[in-house]
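All chains are identified by letter, namely A, B, C and D, in their written order; residue positions are counted from 1 within each chain.
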Amino acid sequence: MKIDRMQAFSDGVYAILITILVLDFKIPDYHVGSLFSAVLKQWPTMFAYIVSFLYVGTIWLFHHDFFQTLKETNTSLNIINLVMLFSVTLIDYPTALVANTLISENQNDMQVAFVYYDIVALFISLTFAWLYSYVRKHPELTRMKSDQPHFYLAIRYDPVRSVIIYGAAILATFFSIWLGACLLLVGVGYHFVAYLRLSKSMQKSIREDR
Amino acid sequence: MKIDRMQAFSDGVYAILITILVLDFKIPDYHVGSLFSAVLKQWPTMFAYIVSFLYVGTIWLFHHDFFQTLKETNTSLNIINLVMLFSVTLIDYPTALVANTLISENQNDMQVAFVYYDIVALFISLTFAWLYSYVRKHPELTRMKSDQPHFYLAIRYDPVRSVIIYGAAILATFFSIWLGACLLLVGVGYHFVAYLRLSKSMQKSIREDR
Amino acid sequence: MKIDRMQAFSDGVYAILITILVLDFKIPDYHVGSLFSAVLKQWPTMFAYIVSFLYVGTIWLFHHDFFQTLKETNTSLNIINLVMLFSVTLIDYPTALVANTLISENQNDMQVAFVYYDIVALFISLTFAWLYSYVRKHPELTRMKSDQPHFYLAIRYDPVRSVIIYGAAILATFFSIWLGACLLLVGVGYHFVAYLRLSKSMQKSIREDR
Amino acid sequence: MKIDRMQAFSDGVYAILITILVLDFKIPDYHVGSLFSAVLKQWPTMFAYIVSFLYVGTIWLFHHDFFQTLKETNTSLNIINLVMLFSVTLIDYPTALVANTLISENQNDMQVAFVYYDIVALFISLTFAWLYSYVRKHPELTRMKSDQPHFYLAIRYDPVRSVIIYGAAILATFFSIWLGACLLLVGVGYHFVAYLRLSKSMQKSIREDR
């Protein structure tokens, strides 16, 4: 089975998801004449939007680069991909929850919102672990010839590390919300760093294959 | 007529539909400090979302695999495809209805929501029956050479079986909501099983053609 | 300039527009236990949805077939296409207005909603007239060789006829809402008939070119 | 790395963004029977919609033409493109703010809304400046052979000019809202003019390369 329709469908889902995140920006109830302070108070919406855009954007970059190493797909990979897309679409709701609880500033609610976000992020990382391990066991799907095992060895622990970071973030949130929030940001930042590393290692593999 | 723009358009519709399902998650009205119980009470939204995502995802997998057996399209097939897309877009509203009536827990309203969902599911299955019978009568559109009639014979009763399951679900809902809900889940689960079977039989056909 | 990115972008806009029309279905305010009558009262939403889905679907079919006769695009055609997409996206709002005024059953409001819909439909037809006349004057963009002028002569009056139908619908709405509504339906139905005719004539042209 | 998936993803984001702008049209609260005046009062929504559609449409045209000059992409360009898409998605919210403050007619709120729009527009122009300067320093990504430096010299000051216009618009808004609004419109109009110029110069370059 050719891989391009699956890529196109995934691109569609990512493009829509990253764009409807913007629907979280809603005109607040404000007294006429005081829009400025009402808009300023929305900084958590902007903050949560930037983090989630960076997050979904990084996942798309991963998806884009990783699926370029594949030459075809099969039923199992299509299903794994759907589960992965499912996990990513879940990020929209906790993004709104985090923004709203940061605005209302209640500690208990903020804990709930951050833990929700962490759980979704943890779930996303697990689906990536599943994808990596599946592809590593099915080299017939891949384009790479030389150095292929080495490539997957290099990235295989990335999802596990993310799972550990988000697990720590969940635990930390019960003691200190801000520590939990920092670990969440570290998790999202780690994806970006891991992506840059994957991208570099992939380009090296391709160059060596020529 | 080439088939790729029709596939791309359908992929777009499926991708959007599966992603805007997530808009059903709305921040509930809650007392500040009790977000946790408010979010827990939203389990029906999550449940309905998972079922509908699985449902639309399976339909996309079907569409993806089935249209790979075709080499071109024509005006009639484009129109059948549009009607099919129309039927699938309808799933969004009963998904929200089911989630909301499960939250408010009124028996009458739950009946209405489940029957609405069943009717849409039944309609989707009818459009698939239409598609299968049209393509079976127009072998000039298909890529397969040998064993082609056998392939369509193998899948021809799938939509009819779905129609029977959803019809039974509608009837059952009037006696017992939970029996009706179970039959609905059986219906959605059946699509997934039928897809796996189609996918396997299709790959066998392709292998034999080589 | 190659035409495929413009087609893909247009497909995206049509796919999104046709799918977000479904967001017009909102859970109504209802007394717990009486969802059935509340849902029944939403028939105008379903009706308006079906009409607009058929309308946008037909426009997509037109776009799909017509752009297959072109082999490349240029800056002017890209701009005409953007204006056409703009006109089509406007259909979402009057669809909601028509559905809502049919529910609240006020004659004045229904007039406003229908005339709004007619004006948007008229604008869409004008952009199609612009597109047809532009392409007819730029045969270097087209794929067809023989019979090309004949093909454009056959379809050139279609947009003008639509403009007349929608113009008549606007006038009629001031005397009788139902007559106006019927003319609007005739207009949308006419697009579908015109499409079938275009599609047939196009396939004949292609066959003759071989 | 091939450039087509990045183009497809960007097309998806632009298509969704330009289409969900239409969700700003919401049925207003109105007394039954007076929909006409309620709809008339929404002229700022239509106005803001037209401006933002023109704006996003022009950016898409730019993106479409500019990326045709490239033959491949790399990790940095993918990231710059994501930041560019991020900046463009932000336009949705100030569009709604401008429309709403024009309806409620409060001077302070209008200032806030216009300045918000200006800042987003300024940010978009900065990402374009970044894109242009990156591509100019990486001629290995480009398709053009002759005259390549000349081409980038011709367009290099476009983003800077936009930044100046939007900066002036921000300053002007504090003295006169209408002057600020005019400068904003000049800015959006300038993009369209700059696009036509880019498009012409690009086609000249391509013709000379043959």
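Criterion: contacts are C-beta pairs under 8 Å (C-beta built on N, C-alpha and C of every residue); 3 or more make two chains touch, one makes a residue touch a chain.
Since the structure is predicted, the reported quantities are computational estimates derived from the model, not experimental observations.
Look at the contact of chain A with chain B and you find different residues on each copy: under half of the numbers used there are shared.
Comparing the CA-atom centres of all chains against that of chain C, the greatest distance is found for A. Centre-to-centre separation between chain B and chain D, using Cα means, comes to 38 Å.
Between chain A and chain D the centroid-to-centroid distance comes to 27 Å (mean Cα coordinates, whole Å).
Multi-chain contact residues of chain D (touching two or more other chains): 8, 12, 15-16, 20, 23. Put simply, chain C touches chain D in their complex at residues 1-2, 5-6, 8-9, 12-13, 15-17, 20, 23, 75, 78-79, 82, 85-86, 89-90, 92-93, 96-97, 100-101, 104, 106, 108-109, 112-113, 116.
By the touch criterion given at the top, residues 7-8, 11-12, 14-16, 18-23, 25, 27, 30, 32-36, 39, 50, 53, 57, 60-61, 64-65, 68, 196, 199-200, 203 of chain B touch chain A in their complex.
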